[in-house]
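Here subunit A shows up in two complexes: once beside subunit B, once beside subunit C.
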Partner chain A sequence: MALISIPPDITFIVLAVVTIIGSIIALQAKELIYGAVALAVSFIGIAGFFVFLDAPYLAMLQIAIYVGAIVVLILFTIMLVRREVMDELTDTPEHGEGTAGLWLAGLLAVAIAGVAALAGPDLPTQPKPADLRVSDLGPVLAIQYPIPLIILALLMSAALLGALVLAKLER
Partner chain B sequence: MVLLPPTPAEIVALIIAIVTSHTFVTIVFFPGFIHLALIVIILTWYERKLLARIQLRIGPLYAGGPGGILQPMADGVKLIFKEVMIPYKANKPLFLGVPLMLVFLAALPFAVIPFGQNWVIANLDVGLIFVFAMTSLFPSMILLFAWASNSKYPFLGGLRSLFQQVAYEIPMWISALSVVMLAGSLNLMDIVYAQSKMWFIIPALLSFIVFFIAILAELERLPFDLPEAEPELVAGWFTESSGAIFMVIFMALYMKLYLMASLVTTLFLGGWWGPGPLPQPVWFIIKTLIVATFIIIPRGVYPRLRVDLLIKLGWTRLLIIAIANVFLTILLINSGILSSWGLP
Partner chain C sequence: MVAVTSYIIVSAALLGIGIYGLTVKKNAIRILFAIEIIVNAANLNFAAFTRYMNPPQVSGQVIVFYSIAAAAMEAAVGLALILVAFRINSTIDVRKLSKLKG
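Here is the complex of A and B:
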């Protein structure tokens, strides 16, 4: 028996607010460090969505890789780049950019709402993957989708080799 | 129907029901807060006594109670009542907030560590990944604290800590992979159950060694304590912390030590399994304290490693051994030697 039960709608709204506010601060923060922290909060919000959608494995990897590695990389870059170089790179928002962004966001919202309205009635009838264990993911990847897996592995090794070549070139 | 306001007797009964419920007991008392706070106090005392014995230091003859057991309490009281100094131009919200985050991150993984068949707060299916995800947030927090101090020694220490923890995280994850393959699960409870006949330290000896070295580096213990190298960096990334802030950071560090020791116990030393009539949590704590002893001993014995040697050891030795060990484990599993221990 759970002592406290939270209605799913409230969970969704809280997660959505945390994620969206986090990403807005990440874009708008004057101090880049605060931007990186807000980005981490937004990533954790997305991980919360994965938990909410019964995908805890994905949620944990989201935290470990996005917050634990990518945000660290961003922090590292912010702290090692000299202040003057950073100020040159960051441009001030030009007149009308905000309005254009709002228009774009509105259009995107209308498009998503349209798609949801068209597909709406069919969505809840999707079978819910009941009690999918982590150990079931391996066979699905290795037997059902071997070719995408191999292509992904090739892509990763290409990226790694590229990074090594770039690091060598700089010397 | 009229809803009557609850009588005092009903409220008392409800409170008793909540306090005696298993959820409450596990969160507040045993694997939860009070147990962790006590363990942190005991570990600080234990480390001092052990290092003194190793280095044949006799020390003061009178230090609070039998064996100086009251010394940690005195330290705690002293640190609480000391003034918290915040450096000029430090980033105040991060400087005060990050230590709390560190304690939170160090305490949270204990929710999934099984101290006994019934002594676990949350039996997560992805428990191991949860522990690793939480510990992977440590370097960024440390770097943030170091940056927030606005002083050069903490910043250098924070950068070193980041280098080191990111480099040794990968061998740690990969060496734990062979345990996951042997148990066939990421659930820490299942991993302990799979060790009912044979502890994983025998079939996965190589990954135990890699894991142990990696956690020494993750915990910034000697010979890998470059981030807080006293002769060079004063106290590393927490140089500017004082008073209560320092106490909170120390609590987080010792909690992380206990966390890593209990993770070694869970993954390699059979968790709560043990002979005799002792209850399961007692076995678990005994094993964990033995592992903690072996984590502390190098501090009295070894010199500090150089930075380049540290990075070289992590990326070119441990990582290679860990990856080779994965293939070795696959060979072991496919050869069927392990089937007599109830393993795949």
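Here is the complex of A and C:
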């Protein structure tokens, strides 16, 4: 972490603001394309958190898969769906749905944050200094948890084939 | 350093934003955005907790690895489904995709 000479608190706050504002804009932006770009910014913020948590491999994966693959896939889908359809689809909530959603989401978030704050004194405030390397991940992946990795590979080929078949589906 | 509570609060905020999008939005693509935000909140929690373990471990990072891969697949299948729904119904408004209601 010697790479970053800025105080960690400030880095954390900046990352938190970027991530949260990014995800709010992703859901609230009028144009879906801008929303997708804001989503990419939010994902990059999460990647920053991963770097901050001594997980550079996860940060790399996050940027490569989320920003590089998922956001690009979403952008392609937005371009494939016709413009008029998007324009007539207003995302503004009606009949008090917005209030209900805000209450639900707010209560849930406040409940979780409240429990975390109440348990705060018992939770660790200072991470133990660790020398975690990317090479530590290999043995855990391949020796400790090999079965999930194999299932993941099968699931991935099934999902890819499924997506291909779905996309080619005739009317 | 930052306490683990701060990570939980950021993650709870992301979860709240995602739940809001999931319940209120009508555009299928935006609902997919909300799902991705929720998955990211969970990933952040895993990475934070595994770092604050005593001694620090990498098991949580492995779970995040699986989760990122699963989310990528989910996005691919979800977007293919949205495209099919668009081709058949020429809309992606989830209120109008009600053919399965019978």
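Basically, the second predicted complex is superposed on the first by the 143 of 171 C-alpha atoms of A that agree within 3 Å, B and C clash if a C-alpha of one lies under 4 Å from a C-alpha of the other, contacts with A are read in each partner's own complex, and residues count from 1 in each chain.
Convention: a residue touches a chain if its C-beta (ideal position, glycine included) is under 8 Å from a C-beta of that chain, and two chains touch if they have at least 3 such contacts.
Every value quoted in this text rests on a predicted model; they were computed, and no experiment measured them.
Undergrad: Using the overlay on subunit A, decide if subunit B and subunit C clash or can fit next to each other.
TA: Partners fit side by side after overlay.
Undergrad: More residues of subunit A in touch with subunit C or with subunit B?
TA: The partner making contact with more of subunit A's residues is C.
Undergrad: Considering only the touch criterion stated at the top, classify A:Ala163 as touching first (subunit B), second (subunit C), both, or neither.
TA: second
Undergrad: Given the touch rule stated above, what does A:Ala69 touch, subunit B (first), subunit C (second), both, or neither?
TA: After superposing on A, A:Ala69 lies in contact with both subunit B and subunit C.
Undergrad: Tell me the contact category for A:Val140 with respect to subunit B and subunit C: first, second, both or neither.
TA: second
Undergrad: Which holds for A:Ile24: it touches subunit B only (first), subunit C only (second), both, or neither?
TA: second
Undergrad: Once the shared chain is lined up, is A:Leu61 touching subunit B (first), subunit C (second), both, or neither of them?
TA: both
Undergrad: So, A:Ile33: does it touch subunit B (first), subunit C (second), both, or neither?
TA: A:Ile33 contacts subunit B only, not subunit C.
Undergrad: I want to verify one number: the closest Cα approach of subunit B to subunit C after the superposition, in Å.
TA: Least C-alpha distance: 14 Å.
Undergrad: Overlap of the subunit B and subunit C footprints on subunit A, residue-wise?
TA: 57, 61, 69, 76
Undergrad: What part of subunit A is in contact with subunit B in the complex they form?
TA: 3, 33, 37, 40, 56-57, 60-61, 63-64, 67-69, 71-72, 75-76, 79, 133-135
Undergrad: Going by the contact rule at the top, pick out the subunit A residues touching subunit C in the complex.
TA: Subunit A reaches subunit C through residues 8-9, 12, 16, 19-20, 23-24, 26-27, 32, 35-36, 39, 42-43, 46, 49-50, 52-55, 57-58, 61-62, 65-66, 69-70, 73-74, 76-78, 80-82, 85-86, 89-91, 93, 97-98, 100-102, 104-106, 108-110, 112-113, 116-117, 119-120, 123-128, 130, 132, 136-137, 140-141, 144-145, 148-149, 152, 155-156, 159-160, 162-164, 166-167, 169, 171.
Undergrad: Okay, in this complex, where on subunit C does subunit A touch?
TA: Within the complex, subunit C touches subunit A at residues 1-21, 23-27, 29-30, 32-34, 36-37, 40, 43-44, 47-48, 51-52, 54-56, 58-59, 61-62, 64-66, 68-77, 79-84, 86-88, 90-93.
Undergrad: Which of the residues in subunit B come into contact with subunit A in the complex?
TA: Subunit B residues touching subunit A: 18, 21, 23-24, 91, 94, 124-126, 129-130, 132-134, 136-137, 139-140, 143-144, 147, 155, 159, 162, 166, 169, 184-186.
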